[in-house]
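Below: a set of structures, written as structure tokens.
What follows is chain A paired twice: with chain B in the first complex and chain C in the second.
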Partner chain A sequence: MTTYVAKRTGQMILIIFLISIFTFLLVSMIPGDPVYAMLGSEISQEEYDRVFYELKLDQPVIQRYFSWLFGAMRGDWGQSTQFHMPTLDVLMERVPITLFFSLSAFVISIPLGILFGVISAVHRGKTADTVVTLIANITACLPQFWIALLVMYIFAMKLGWLPSYGFTWFSQDPVLAVKQTIMPLFCLALGGIATTTRQTRSSMLEVIRQDYVRTARSKGLSQKKVIYLHALKNALIPVITILGMRLGSMLAGSMFVESVFNIPGMGSLFVKAIQSRDIPVVQACVLVTALVSCIINLLTDILYAVVDPRVRFE
Partner chain B sequence: MKNNDRWKKTIKTLFARKVAMFSAVVVVLFILLAVFAPVIAPYDPNYADFASFLQGPSGTHLLGTDNYGRDVLSRIIYGTRVSLIIGVLAVMIACVIGTFFGMVAGYFGGIVDDVISRLMEAIRAIPQIILAMALTAVFGSGIRNLAIILGISSMAGYVRMMRGQVLTIKEADYIMAGKLQGNKDFRLMFKHILPNSISPIIVMMTQQVGSTILSEAGLSFLGLGISAPTASWGSMVSEGRLFLMQNPVFALTPGICVAVLVICLNMFGDGVRDALDPRLRGEV
Partner chain C sequence: MEHLLEIKNIETCFKTDGQLVKAVDKVSMYINPGEIVGIVGESGSGKSVTMMSSLQLISSPGKVTGGEVYIQGNENNMLEYGPESEEMRHMRGGKVSMIFQEPMTSLNPVLTIGYQIQENIMEHLHLGKEEAKKRTIEMLKMVNIPDAEQRFDYYPQQFSGGMRQRIMIAMAMSSEPTILVADEATTALDVTTQAQLLEMIRDIAKKTNTAVFIVTHNLGIVARFAERIYVMYSGSVVEMTDAGRLFANPEHPYTRALLRAIPRLDDPRDRILIPIDGLPPNPATRPEYCPFYERCEYRMDKCKGMKKPELFELEPGHFAACHLTEEEKALKAAEIAGKELKKAPRIEAGEELCLEVKNVRKYFPIYKGMMRKKVGEVKAIEDINFKVRKGETLGIVGESGCGKTTLARCIMRVYRPEEGEIFFGGTDIANFSDKQLYPYRKRIAMIFQDPFSSLDPRQTAESIVGESLLLHKLVKNREEYEKKVDELFRIVGLDPALKYRVPHEFSGGQRQRIGIARALSSNPDMIICDEPISALDVSIQAQIINLLEELQAKLGLAYLFIAHDLAVVKHISNRILVMYLGRVVEIAECEELYRNTLHPYTKTLLSAVPVADPVVEAQRERVPIRGEVPSLTNRPSGCPFHDRCPHALDRCKKEVPMLKDTGNGHEVACFLYDK
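Then we have the complex of A and B:
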């Protein structure tokens, strides 16, 4: 087990290293002069020279990459050109909000998705199955920003029950915080529920056909015991493998939800940074997202090895 | 079984599935809309009539007008073009690049495989839409660039699939025979391995068009994709969200179009998958 974890961790570090090269190269690939791209073309020669040396553009790419990498490891992520403050400080304000939404939506959607998936698989071909499958298939295809807009139109604009935008931490104003969180969280969780439902349903259907489930039935166990004690355990194994991807798509979906509900998270920061060519922030956002998904992937891989010992001896 | 027979059977099974056929009809309708947009659209999509902006649905403007007085229905019809062109182009780009690298990785193995596989794992670690957004900073937007961006950001799946395919096919006797005959590596790859993995490639492509269209709509919604004045469904939702109170139809219908097209493409893709799989066709 220890060797397995060590091997996986090593692979993760390699991948993060590759991603750091990629995010760095991204900037070198941006067409045109990077100084003009950052500050616009109406700057004095002195200013140009200052930024030119600040960005170490007189040095070769490899040297620049390593000084950037070591800087990033020490917490120096460069200066945000749109906020005129260190990138790390900008991120520190924004990342917790996005993580709050992504993780809560993740925690809500997984058990619900599994529950619906089991219901649908157990009642295969009956009305419950048809309804669940149909709704899950349709929701998985709806654009997230559209759901957000529709929900906002109905509950904020037409009914006036909930505020249409903004974000408050629970500790600042509990009532307002809950009100502002309901809609974004719902939109974010919906897609996750749909995908988890589909995955659980199909893997549950595989498992139910197997001999040991028939044995459990034939020795007289009740339907509930067969499903929840015997079948579900094995059916969940493939579901675990997609958990990492689910959190990644929550982070991505957060981009749209934050944009619609005007939430000052990392998603809206990323969009703004791309539009205003705020390179250090773009780099930092890509790196943070990749880092979070890599860590989650590592955790699910370990979890996978814990529940399914065959994986360890691969 | 002869190759010809196999395709006939596949098409026959596909036609027998009602859901797949229904969704195929809807997709074809969307394609016709895109091709004949100038004939079908009641107005010029970019004609701004400032005298009648943000009107609700009426006899003259079936879906009302937008904030510049442009006809929403006409813009939606023209938007079909953008979605379909980008969806198909991006999938083709992803497929060509991804299949090639997957084949090379699987065939040569060793260090080539290691390098390609690790790179693809790195790409997969970044959520697709975030990767695509970062790439728009480099390539810029517009239809051609978006197709390239979405193609690059979704190619990792093809690499993985094709690599797996090659690893199983490589062991087959006929590949060994071809090698002993003195065939060159690339000839073996393109003449023998590629044709034998064509069905998983087709399945993957049909299933990817929908999600690519969703990504394009998302990028355009965030203002990083197709920009004004070109009509695209995502950017229409983005413009319309500011005027939800005045004309909700303006923002909400393009989103419904995305959803309907994507649902039908996915159901058709599922149909193709089932039809190509002999086990699901009920033969084995």
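Then we have the complex of A and C:
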């Protein structure tokens, strides 16, 4: 198990390293002169020179990369050209908001999805199954922005119960925070619940047919033990495999929902940084996203190995 | 309450395509304490459904639609309790334990085996966790799992198939049941493992006075182990009596036909198999009258006019379900015996060699890790030497994983052997390139085990059979092609009118005929048959065996016949080659091998094969085998069999014995015969 974790961690570090190279090369991949690309062509020579040295464009690529990498590791992500403050500070404001949304949506949707999936598989063909499957199928097909606009229209415009935009931390104003969080979180979690439900259901139905479930039943175990111990533990394996992807899509969804509800998270930051060619911020955003997804993947792999002993002695 | 368990008129239906199909039609059975009862029948005859229904283990779309089940200790019909009721769960697992066919999938892969047994003990014996664990380890020791304490925490996939089935036995017996149901418990395993396990079940059952139901399609197994036997056909019991009488004096026409259709290890050389014509009826269209009618040699017009026959007691303790009176049956039997039997055609193989294999070796590299580093080798086959003459059948037997298929693939040149020569018609093709091989490809054909997966489901039968005619340009024009395909269909006993059907529109036996027609199409000198009949029902096997023999006589083909069923191999082959762990251990002419077995492994192998005759079984010498087949990656040094051999000498651990001729072309690789 330890070697397995060590091996996976090693692989993760390698991947992050590769991504950092790619991220760094983003600068040189922008067509034309990076300085003009950033500031527009109508700048004075002094300005040009200043930014040129600031970006250390006089040094060879390798050297630039390593000084950027070591800087990044020390927390020096460069100066945001758009906000005129250190990139790290900009990120520190935005990243937690996005993480808050995606993680809470994740934490809400997975257990609920699994629960609904199991219920619907166990009552296959009965009313409970029909209702759950129908709702899950419909929500899984609806585009997220449509749901976002719909709930916004009903609860903010028509009923006026909830504010239609903005974000406040719970510690600052609990009532407003809750009100502002409900709609975006709902939109984010809904799709996750639907997909997890569908997946758990089909994987449960598959597992229930297996010989070892028949064995468990032939031992006279109670229905509860057969379902939740023998069947579910197996049925969760495919669900766990794509947990990483789930959280990844939560991250992407969060960036999207942020822009609908005008929440100052990483999503809106990323979009703005690209529009204004704020390269240090773009780099930081890519790297942070990559880092988060790698860590999630590592965690799912470990979880996977805990649930499925077959992985451990590969 | 007379019996330990009594099943009365149980009836189970399955809903398929909106239609109710009766899988089991009013079956009654009973068992007494400590009794071993066999249930035999072909696949689909309702053996498992009967057992599962009585335990209410049938899940949707199946439903038990009638009948009663009584178990000692409860006055009530167990079927009246719901499947999840306290009483039913107490019976299922507590009083009646089951072992299923598939050892590889019957244990939960994400729970340790210790947990799975412990859970059973805690559920039924109401012991605490620690005590249950202690009992679990005792049970594991009882079924000879070494290092039981450590292995408590192992997962099923860390055990071989045979060991998993022993764990299943331990689990089933752990709740101290009064009845054990072994549903094809050993079918997927090798003969030696099969014998080991069934003997273990019998010993444990006799020691604890547990009654056992042995459910199987193998008549040999019931002859060896069962005391009383039920014969099932198409959802009904057709005959029931004690083992001795069933084999000595079978009463039902189906039982009689079955015994004439299966080859036996102790058969004389010229034994003729008489196949049962036709197929078992589809349960959805089963007639109101006797379900065996269409295939029955004894049938009379009155059978069709009457309802399905009920079981009738012919003499005390002997029941059969047939409308004929004793006189009518005797008359018919005389008539059948008077029919001229088609002599199994045999041609004498000449001296001319068709195939000669010399020192062939094939290893597979084992790769590991991301960089695919080579970390070792699977020594699949080594030092293979044998000859096949024209028109001869060489049978190849050995346990699963011993390298039979690898050998076949080397000869087919799917694999290139690392070392050695393969002379085919006098030319060494071992190192030929694909282009050089081209003319030889059509001269060696192959028939595979699974007639279901080895045929392309979208191709019509005609294009499957005709493919290599076109590939090897064996026909000049369309007309000749059609004629040739029709002829091939007729040769294998299929109606050419069926040639535009796709494989799933044929039955298993018909599909195997298509496979044979395909093999014959390129006019080969030799056909390699890799388990050609093991996927077929016993009543169909004889048809294919007879067809292969007929074709050999007509076309002078040489066969390499690979199978794990020794009785079949002995029936069809001229000579037999025995393999163990990738090496040839013995080659001899069939009778010689059977009468004068030399190699210790062959002895255990032959004694493990049950013969469908309790009288013969009672007299046979048992050569027990210990341990498990080691893996090919750590093959024991010296003689591959030395760690399981009762006669192993010091020398056996160090040196590898080579094949030596002991006279009569009987070759053996064992130091006992070294002079």
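Just so we're on the same page, the second predicted complex is superposed on the first by the 302 of 314 C-alpha atoms of A that agree within 3 Å, B and C clash if a C-alpha of one lies under 4 Å from a C-alpha of the other, contacts with A are read in each partner's own complex, and residues count from 1 in each chain.
The working rule: a residue touches a chain if its C-beta (ideal position, glycine included) is under 8 Å from a C-beta of that chain, and two chains touch if they have at least 3 such contacts.
The structure displayed is predicted, hence computed values, not measured ones.
Visitor: Between chain B (first) and chain C (second), which does A:R310 come into contact with in this model arrangement: first, second, both, or neither?
Guide: The answer is second: A:R310 touches chain C but not chain B.
Visitor: Looking at the overlay, what does A:S293 touch: chain B (first), chain C (second), both, or neither?
Guide: Only chain B is touched by A:S293; chain C is not.
Visitor: Which partner does A:N234 reach: the first (chain B), the second (chain C), both, or neither?
Guide: After superposition on chain A, A:N234 lies in contact with chain C alone.
Visitor: When the two structures are overlaid on chain A, which partner does A:K126 contact: first (chain B), second (chain C), both, or neither?
Guide: After superposing on A, A:K126 lies clear of both chain B and chain C.
Visitor: Tell me which partner A:Q223 touches in the superposition: chain B (first), chain C (second), both or neither.
Guide: So A:Q223 only meets chain C here.
Visitor: Considering only touches as defined above, state whether A:R50 meets chain B (first), chain C (second), both or neither.
Guide: Neither: A:R50 stays clear of chain B and chain C.
Visitor: Thinking of the overlay built on chain A, is A:I19 touched by chain B (first), by chain C (second), by both, or by neither?
Guide: first
Visitor: Tell me which touches more residues of chain A here: chain C or chain B.
Guide: B
Visitor: Flag every residue of chain A that touches chain B in the complex, lowest number first.
Guide: Per the stated touch rule, the residues are 11, 14-16, 18-19, 22-23, 26, 29-31, 137-138, 141-146, 149-150, 152-153, 157, 248-249, 251-252, 255-256, 259-260, 270-271, 274-275, 277, 279, 282, 285-286, 289-290, 293-294, 297.
Visitor: Under the definition above, what is the set of chain A residues touching chain C in their complex?
Guide: The touching residues are 124-125, 210-212, 214-223, 225, 229-230, 233-234, 237, 307-310, 313.
Visitor: Chain A touches which residues of chain C in the complex?
Guide: Interface residues on the chain C side: 55, 57, 60, 84, 88-94, 97-98, 100, 102, 105-111, 119-120, 123-124, 155, 157-158, 168, 171, 175.
Visitor: For the complex, give me every residue of chain B touching chain A.
Guide: It comes out as residues 118-119, 121-123, 125-131, 133-138, 140, 210, 214, 217-218, 221-224, 234, 237, 241, 244-245, 248, 251-252, 255-256, 258-259, 262-263, 266-267.
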